[in-house]
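Chain IDs A, B, C and D follow the sequence of writing; residue 1 opens each chain.
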Amino acid sequence: MTDLRSGALAALAEQTIELPSWAFGNSGTRFKVFGQPGVARDPFEKLEDAAQVHRYTGVAPRVSLHIPWDLVDDFGKLAAHARDLGVQIGAINSNLFQDDEYKLGSLTHADPAVRRRAVEHHAQCIEVMRQTGSTDLKIWLPDGTNYPGQDDLRARQDRLADSLQQVYAMLDPSMRILLEYKFFEPYFYAMDIPDWGTSLVHCLALGEQATVVLDTGHHAPGTNIEFIVVQLLRLGRLGAFDFNSRNYADDDLIVGSADPFQLFRIMNEIVAADALLGAGVNFMLDQCHNIEPKIPGQIRSVLNVQEATAKALLVDREALAAAQQDGNVLGAHGVLMDAYSTDVRPLLAELRGSQGLDPDPYAAYARSGHQERIARERVGGQQAGWGA
Amino acid sequence: MTDLRSGALAALAEQTIELPSWAFGNSGTRFKVFGQPGVARDPFEKLEDAAQVHRYTGVAPRVSLHIPWDLVDDFGKLAAHARDLGVQIGAINSNLFQDDEYKLGSLTHADPAVRRRAVEHHAQCIEVMRQTGSTDLKIWLPDGTNYPGQDDLRARQDRLADSLQQVYAMLDPSMRILLEYKFFEPYFYAMDIPDWGTSLVHCLALGEQATVVLDTGHHAPGTNIEFIVVQLLRLGRLGAFDFNSRNYADDDLIVGSADPFQLFRIMNEIVAADALLGAGVNFMLDQCHNIEPKIPGQIRSVLNVQEATAKALLVDREALAAAQQDGNVLGAHGVLMDAYSTDVRPLLAELRGSQGLDPDPYAAYARSGHQERIARERVGGQQAGWGA
Amino acid sequence: MTDLRSGALAALAEQTIELPSWAFGNSGTRFKVFGQPGVARDPFEKLEDAAQVHRYTGVAPRVSLHIPWDLVDDFGKLAAHARDLGVQIGAINSNLFQDDEYKLGSLTHADPAVRRRAVEHHAQCIEVMRQTGSTDLKIWLPDGTNYPGQDDLRARQDRLADSLQQVYAMLDPSMRILLEYKFFEPYFYAMDIPDWGTSLVHCLALGEQATVVLDTGHHAPGTNIEFIVVQLLRLGRLGAFDFNSRNYADDDLIVGSADPFQLFRIMNEIVAADALLGAGVNFMLDQCHNIEPKIPGQIRSVLNVQEATAKALLVDREALAAAQQDGNVLGAHGVLMDAYSTDVRPLLAELRGSQGLDPDPYAAYARSGHQERIARERVGGQQAGWGA
Amino acid sequence: MTDLRSGALAALAEQTIELPSWAFGNSGTRFKVFGQPGVARDPFEKLEDAAQVHRYTGVAPRVSLHIPWDLVDDFGKLAAHARDLGVQIGAINSNLFQDDEYKLGSLTHADPAVRRRAVEHHAQCIEVMRQTGSTDLKIWLPDGTNYPGQDDLRARQDRLADSLQQVYAMLDPSMRILLEYKFFEPYFYAMDIPDWGTSLVHCLALGEQATVVLDTGHHAPGTNIEFIVVQLLRLGRLGAFDFNSRNYADDDLIVGSADPFQLFRIMNEIVAADALLGAGVNFMLDQCHNIEPKIPGQIRSVLNVQEATAKALLVDREALAAAQQDGNVLGAHGVLMDAYSTDVRPLLAELRGSQGLDPDPYAAYARSGHQERIARERVGGQQAGWGA
């Protein structure tokens, strides 16, 4: 156990989790977006808030941007601002769902002019990547249809393949596409990339710079997500996670809040495949804090991933393999559960101590006064949200 | 068959379907609301559009209002406007989800002041009912929680019971509450009225003027909806339907577009229980036309309900009962399917002919020029939507 | 925390979990039942195995029987055998699914003769209850239909109500009916008691000696089970649990193995409502150990319930209520999660030490040699299963 | 419409649907298998019953066998028997779930000896293929795990790939593997081929003689099956269907009985891709007639597929494409629905008339006296079921 523990501490010291800039803006449902005092009003303020998360947790050194929500005149300045705050720019997310032209599709639209516009938007994103040093272009394709017969499902796949090929051709050698799939929403009959199989098929057609993003909230009820993790790692095509929680649909709740055991099982497969560090998997959050405060919500999320990782690192893999080899069903299950039952908060407090951090990031942030300060100072202007 | 056919025609001539005013405004997902040319800008224009649906189908003589979306200075004038257009005001829907105070609940909120405000909103709705001659107060409780532990589930039930009691006490003798349940959204851990059982429990506690609304999109995957129809009819507590279609969540698609056989099975239980007419069941639509035009979308919806009803009326109930009594599984199933397999469009064309209507309402509306006229004339102002 | 801890120890010392006799026989899927060495061959041997679970865990002093699987000539002798082993007979389960006459229904069958037979089977069960001192008659109604139209859903409800009334009339004053609901299986279109609402409706019609059984595997995907627990406790109608785990259907896996957090949330509502002890809730297991050994499988299950209970007892309810009252979403959630994150194995080891038990029941049983002994001695005869 | 109608008649005259031999034996749930009078007792009698389905419908000329359930001493004689009855042997199904050794897996088992045995079973199946002239080897892999940690998910994939490679190497050039996936059952944590993506990944690794089988009952709730059809056709890897219906799990009900519109949408994509005839897609049934009679159940199933196909053939594809190209959402949807709303029973009666068949196969079979004859004559012996 001593070895497991010290190995865990070493790995945890290297782990990183990427934060989404939009988690620091307002979000909600189609029914209502509730505002909150002190919410960031521009990308610079979002980075300041994200830096708070990193300051107290020590494991969140990157921030994903979303274009056009995070468009600024000078991305060099934004990247420098990030560095000054101790963080850096991560993945660049394109947006294919908020233009009026995209009502019936973007990269899959029947009209070549709309597809061209959607492709060209990625040229803009890639330019932002060059200016910010980002290497990950994340494409979530929101395209789909609401009614049977509305459009030709096969033609949409072919148009998608063609559009993606054009985007892929624009990549620099150091860049890659992270291609996301989603079961449903914002369309409710047939999404054009509804599952990992479809995303993989397109990545295989594109080439080695294309990998799959697994958003933990984008599956049919009952789907075994860790199995998909295993399969994509086996094929060398797991590019990134979008972490969040769901109970029903794409609920975008705090990761680990709905089913902490699932998060543990996912991280367990990551650790088992030695893919926590250096394997090209980008561990990102993608969440909405509709009713809870943004920065504490992100801190809680980061801690949940960290705790699940710590437990996964404590699995006694020799004992596990031995029990599995013996066909000892309950024994093997028990080895896994022993790690899950462990309270890893002391271990993580120790880690933080060794890094000069407060053992309780959530409480330390609460005591810092930052929340009160932004509520007081960020007066006027327009709070950031999904549309701005 | 001749008897079935003439009986069906007679019943279809009496059938009515209520339209929601908000179907004529813009709607969308949390990601985007797409506007459409010619969309109504106020409750008067919504009624004009609804009246078009009734004009061509002949079965949609009522329009539900939503408060505050449909607030006007003079409801007497609005009701008169409706009458002039050949329709009337139907159910009044309260709104418990768009006030900033309701972030953590309305009728269930921990703060008595917020609950009081939510209760008082219903006094306003009841006043609108008196002014418009409406008798149905529809309450959809959007309250719920996103995280385990966030609030006390039991206390929320007790507060809800108390709040509902206060609303119930305000009803005139001719009025009733239609209490809606919903599986999830806008909250994603525990809704406070998630299922028909909870809605029924509260209706039973309130009294005979409280009945359940069944929204066809508000159930867990796989739920047998016609069974709930049967059970609520058996208990005398089915007050109304909110018709729409779902494939995944509360997709609010055109009723009958996702699973026309399900709609038929529902109407079959209605007909079997002799509850189509005069049984106090209000057949309402509650949908979003996110990408399709509003008025044609409503016409299509009305026709779908009408066709499902026609098929249900053609079920040979004597043959069905005989096969059921014999334990003839495939025979009984076959009797039902024979009615479903029937093409009822000629029957409905005949009905319309006898009513002086065009046999094809959808095409007749398209030819009428109304869509082009409103696109041309409704310039300026703010298109109606869920927020206005 | 000291108070919470000592209160938890006191409550845990009183907690009891009831074992199902059929967990000690073979079980499987429709595809295959795998046998295991040493499986019990009759009710006496099942009790011996159940007693092993109690011997090592100290919390499983009762065993449910299933009639006719556990029919013996002399139930007085069986009850005495149980007492000698340190356990007692618990609930009596009737069987309405294995008679050829029940193909199209039992208590709901269209043929009054079949219904009568199904009712009379309960007279036999009640007689067993009298002979064994059991007070809980558990009725799982497997009735349902496979095809729309196959039978009259409303008539089936009315026949069910009538049949249940006859069974209810046979109860002694000390007895109660536990009425179970199930989403689907063994029928796949409409179950006759598919949900808690239907079970409750029938219990309310029967009277105060009728309560609902909540089987944790009998719900639609995504159903919030702890909400149902809250509602049934609020109405005074939660009679019992059938504990197990599901990922997909009614998988009947070891309770707490698929989603330990859900089990914790359920026990949390039990503790919050002070319903762990003396509230008339019978905490029973209902599982299948298809591939794992039976006795260790039951021990693991019992420990999982015990651990979830321990965590629920450690929730700081004052802090929780305060955070809830403040609308502190993350704070309240955090209080709950703090208890869940706690490793309660040391606490339970302490409890066992104080009871003269081995701190690790699973390991102690493994060392005991019982498994090897039964594998060696139980030769010949027919292993018990669902059919015998 | 005349052209569509005559084209439909021509295509329908060529359509074939394959029947499963096991549909003529008894089946049931894990709770009970109900017997029925006259059920076939051996493969010869199963073929006789299957031939009845073909005799009255004219579209079911092939019968799949299942090894070992349909093992006979002389397969040449069985094939000749089939020919005498007017049918032929279709796909050969291997069985990996009923051997005691397979409790923890077959092609994925940790023990190489068990894997070898599972591979060798396919040599036997291939030998049956040679003797019967079959070219399709259908492999449904029932392997999976019930508990997290029970086995190494990645290792199981690698062992599976290796085992499949060995089976593939045994194929004759004219043969192909049909590789089936299934969401869950008989294991309930992680199936080893749970989705089309996994099946495809293995087929791609094997080579061009490996294709995917889509069983319509093997998906997560809400899965859009016609999308998968489109994707697999696009990739040239849709080998076959296993048709049936589900409401909840793998219910194996009569195809088209739960959601006839879904069956239509599937056949619509087949027709749209010109894959009804000559495209290498084997349209097979895979169902259980638990409570309804077997032969009428198969006739009903075949008619349902035929009716869905007829409707799909009546879709006005020019009008559909034009509306889709125009972005006319409701117009395009309406074109599809017009075909679905059509009553195709007269068209199919006409087809049968032109083939010398009775216009109503179901009634004609009922009148034939075959059912009464087999009930009278098939006395003694053991009725066929899933185990024999």
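Basically, a contact is a pair of C-beta atoms (placed from the backbone, for glycine too) under 8 Å apart; a residue touches a chain by one contact, two chains touch by 3 or more.
The model shown is predicted, which means the values in this text are computed figures rather than measured ones.
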- Could you tell me which chains are in contact with subunit B and with subunit D alike? A, C
- Task: Decide which interface, A-C or A-D, involves more C-beta pairs in contact, and give its chain pair.
- Result: A-D
- At what distance in angstrom does the C-alpha mean of subunit D lie from that of subunit C? 38
- Query: In whole angstrom, how far does the Cα centroid of subunit A sit from the Cα centroid of subunit C?
  - Reply: 40
- Within subunit B, the set of residues that touch 2 or more other chains is 104, 146-148, 183-184, 189, 221-222, 224, 247-248, 257, 261, 291-292, 329-330, 333-334
- Message: Looking at the complex, which residues from subunit B come into contact with subunit A?
- Response: 27-32, 34-35, 97-98, 100, 102-104, 142, 146-148, 183-186, 188-189, 221, 246-249, 251, 253-254, 257-258, 290-292, 386
- Note on the structure: The subunit B residues in contact with subunit C across the complex are 104, 110-111, 146-154, 157-158, 183-184, 189-191, 194-198, 200-201, 219-224, 226-227, 230-231, 233-235, 261, 265, 268-269, 272-273, 320-321, 324-325, 327, 329-330, 332-337
- Query: Tell me, which parts of subunit C touch subunit A in their complex?
  - Reply: 221-222, 224, 247-248, 257, 259-262, 291-293, 296-297, 300, 307, 329-330, 333-334, 340-343, 345, 362
